[in-house]
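In the two assemblies presented below, subunit A is common to both, partnered first by subunit B and then by subunit C.
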Partner chain A sequence: MLVKVKAYAYLREVLGGEIKVELPEGAVLKDLLSSLYLPPAGVEALIDRASGEIKPTILILKNGRNVRFLEGLLTKLEDGDEVSIFPPLGGG
Partner chain B sequence: MIKGGFQGKVLRVNLTSGEIRVEDLKEEWAEKFIGGRGYGTKIMYDEVDPTIDPLSEKNKVIIATGPLGGTFAPSSGRTMVITKGPLTGTIACSNAGGYFGPALKQAGFDLVIIEGKAKEPVYLWIYKGITELRPATDLWGKLVDETDKLLREKTHPQAETMEIGPAGEKQSLLANVMFNGHRAAGRTGVGAVLGSKNFKGIAVRGNQEVKVAEPEEFREAVTKTREILSKDAFSGGGAAMLGTAMLVNVLNSIGAFPTKNSQDAYFPEAEKISGETLRERNLLRNEACSSCPIGCGRVTEIKEGKYKGAQGGGPEYESVWSLGAMCGISDLDAVLMANYLCDKYGMDTISAGVTVACAMELYEKGYLPKEDAPFPLTFGSGEAVVEAIKLMGEQKEKLGKLLAQGSYRLAEYYKHPELSMSAKKQEFPAYDPRGVKGIGLQFATSNRGACHVRGYTIAAEVLSGAVDRLKYEGKAELVKTFQDLTAALDSTGICLFTTFGLGGGDIALLLSTATGFQVGEKEFMQIGERIWNLERLFNLRAGFSRKDDTLPPRILKEPIKSGPSKGEIEELDKMLADYYKVRGWDNDGVPGEGKLKELELVVD
Partner chain C sequence: MKENKDNQEEKIIQELEKVKTEVVNYPGKKYYRISVNQVKEIGGKFQLLGREIEILALKSDLIPERYHRNLGVISPLEQVRLLEAKVAIIGLGGLGGTILELLTRLGIGKLIIADQDIIAESNLNRQILSKENNLGKSKVEVAIKRAKEINSSIEVIGHAVSVKADNASKIIEGAEVVVDALDNVPSRLMLQKACQELHLPLVHGAIAGFNGQLTTIFPEDQGLGLIYGANPTDLPERGSEVTWGTPPISPALIASLEAQEVIKILLKRGKLFRNKLLYLDLEEGMAEVLDL
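Right, the complex of A and B next:
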């Protein structure tokens, strides 16, 4: 299946602006974020090495929903899904 | 007792008589309301009848700094403008960054109260404690940036300035008050009140130091807070990289980015007006306010096309949205041009853009007849937005005059007030409540009409993602907490953006060590609650009630058509009763006696 990954702000520089990733059926977010599919520097920017969790300041959306309110790293992905990744945010 | 932070002096300027008096700051008020928004609201509550016409001589305008203004506290350049707002008829407080507030402190004053009405246009010159009202007949009619320059020419090359533009002079309800030519106290029409008083602006310069109560402890608190801000990924770098426009892609990605007068909440072309694109195409340099390590401001330039060469401050996220997506515009150059023009005329970019969007929908639906429109007001036309802003700023033709009154009065005139995306007649900012539930409750209950910076729940509902944006539970408490925190913060003189890194406790520490007040986090939040309730009391006396705590029918009934929040509506009723309860108010939204006693607010 094909999943679209969009990165924003400075993460664009490490992940590329928009990439399409081919994943095996049944893959979850964790699989996508592994360095098999994303550049290692990008993975480094997103994942806390000690805990293996998504860094608390990184916002990841699947089709507009914060994955924290889905199943976090175990959020299931389907063909055509769009995953958006934002660095720490603020402003108003 | 006040031992520092404040200068202890208030300047009262009566424009009718020309008299200028120096008064002592009231210590008891400062302890209960701090400075800035809190102290200013207390003056309004005690001195101004809430039922007056905001554009009458009886209204007053308070220009206020807080005790942290002019110190080394981070991001401490804010100036607050408090009055009865003509757009909403509510108590109004708008605030701006820059350097004016600190300069006012250095000139020896915490606040300036402007009252009465001058016979001829005047401006105020404050220099090392000397104050003088001077004729401004030759400044009347001048654009904001010209006025800024001329004021400095007439006074001192390093003076800091506050000014209104032609919009304020002509009493447009969208008129703002500008500082240093491009920092805006944007909302609620505060500029019109100064215009109604024939008051063009202030130039100020001083050299008095702002002393703090406990210099050693204060220095430590400053070091600590600056360290937190520099480590925080947003305030320590993210903010400077993209400015607030970074939010375009965020809000669009969750489908809460109001589009074409909120007919939808997803804008397929958002990337073209995003912070990322702006940085690539137009950014000249970053800019920071007084003593600010965050530096979210920016100066931009249009590099090609028919507006080539135009430059200005901003745009902020809100402006990119209101003059862009809300009008269906993806032409970033047109958005920039419209933004610069708003600044020149001295108009609030949020309300201006949303009013044009409203006109576009009225036009496309045939409610605004072709003969009233000097050009086609079609969604997506960048040129239409730029031209409409010019009409609005100059109040030319019938349409220009109508636009200058804001979207509610415009839509009411054409018999479709439901098409105004506003609360208490003030236009919405850039967040669709259907896709972020708590912010809708904030818009509905905000004491100055729809507003995001009275209670920025977006921080928790979207940015940190601490709570689920689509749930209703817990939002009443969340809104109250943000509202109280901001009310207190706006009274200290530091910028709201510090709260992305700092908590109430950190700010209370800065405040305590600067002033000598014994304020912990709990007391700080209670001061905020006190201010919020005082504002509410003002509004209740002005005639507002529960029925005004609402949102346009579109937000309550029409589901979002496309994007990630498709199908959502805002069920305000699920939160409002809760909110009143959390606030200790009755079912009509009136603060109970117990609450007022607890907050030491005496009612008459």
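Right, the complex of A and C next:
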């Protein structure tokens, strides 16, 4: 299956903006967010090495839904899904 | 009492009729204009605020010239609605200063503003209220002065305090719309909670580097929780703006979009960014609208 990954702001530089990733059927978000499919520097920017969790400063949406409200890293992916990754902003 | 009021209104309209000037605008349409000074004079005579004189003028098809250029997209009665509205702007930094500027010029009748800070040198790159000659002054004090210099018809209520859980409701009470112009995530979440408790819509904007985000939250919406996560206490107080700074372009742009959301809410017009996050990457020229 083919999943579209879109990265924003500084994550664009490490993840490559908009890319399409071919994943095996049944793959979950954790599979996608690994150096098998994404540049290692990109994975480093997203995943906390110690806990293995998504860094609190990173927002990942699957088809517009925050994955924290789905099944986190175990959120199932399907063909045609769009995964948007960006840092939520806080300045003013 | 009502009779007295009607009588007074009638007298004010008579005064306005006496001083009105006939003008033909660029497309050749005739209208009657009232100047800033005429509003001030009549207001002074009747001991009323300029906005009350302007409301009566607009209802009588007399156009306060200061709002004339609003009227291509805002009808005279919609301008009355804006002059009768009360909006709270929480935070007077890069976002809040520009939002104040725009809502003041637009003619929002009553503005509540809040910020505890003083003007600092590091504000000069982006904050419209900051100038070399007002460094060290209270932002609220500077903001009230600027707003009054631009539009003396409106009321500005200032709170030079830090907006916290124990005072937020009191500060925003009475507003019809609240604008989030804060600079950190925990305060934004606190403000959203206060808005939910008072059943008020909240316009959220935030920036970092050449990026900006915007969403409008009604009391029944999940709002910021959808953006910042289910457990906001996990979040650091500051986000990527620490690394990427706050250059002047992104706050001015997001502030403008926040002001536009205020207009749409008050006039019940157009499409809001509700349950949607507008995310701008200005360097790349990307604007994404994400469904939340």
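In the analysis below, the second predicted complex is superposed on the first by the 89 of 92 C-alpha atoms of A that agree within 3 Å, B and C clash if a C-alpha of one lies under 4 Å from a C-alpha of the other, contacts with A are read in each partner's own complex, and residues count from 1 in each chain.
Just so it is clear, a contact is a pair of C-beta atoms (placed from the backbone, for glycine too) under 8 Å apart; a residue touches a chain by one contact, two chains touch by 3 or more.
Being a predicted model, the structure only gives us computed values, none of them experimental.
Peer 1: Going by the contact rule set out at the top, does A:Tyr10 touch subunit B (first), subunit C (second), both, or neither?
Peer 2: both
Peer 1: Now for A:Ser34: first (subunit B), second (subunit C), both, or neither, which partner does it touch?
Peer 2: Touch partners of A:Ser34: none, neither subunit B nor subunit C.
Peer 1: If we overlay the two complexes on their shared chain A, which of subunit B and subunit C does A:Arg68 touch? Say first, second, both or neither.
Peer 2: Touch status of A:Arg68: both partners.
Peer 1: Where on subunit A do the contacts with subunit B and the contacts with subunit C coincide?
Peer 2: 6, 8-10, 12, 57, 59, 61, 63-66, 68-69, 84, 86-92
Peer 1: Which stretch or stretches of subunit A touch subunit C in the complex?
Peer 2: Touching subunit C: residues 6, 8-10, 12, 17, 56-57, 59, 61, 63-66, 68-69, 84, 86-92 of subunit A.
Peer 1: In their shared complex, at which residues does subunit B touch subunit A?
Peer 2: 232-235, 238-239, 241-244, 246-247, 249-250, 253-255, 275-276, 296, 317-318, 452-453, 456, 458-459, 462-465, 468-469, 496-497, 500, 563-565
Peer 1: Within their complex, state which residues of subunit C touch subunit A.
Peer 2: Contact set of subunit C toward subunit A: 91, 93-96, 181-185, 188, 205-209, 211-213, 226-230, 234-241, 243-244, 246, 251, 279, 281, 284, 286, 288, 290-292.
Peer 1: Applying the document's contact rule, which stretches of subunit A touch subunit B when the two form their complex?
Peer 2: Going through subunit A, the ones touching subunit B are 6, 8-10, 12, 57, 59, 61, 63-66, 68-69, 84, 86-92.
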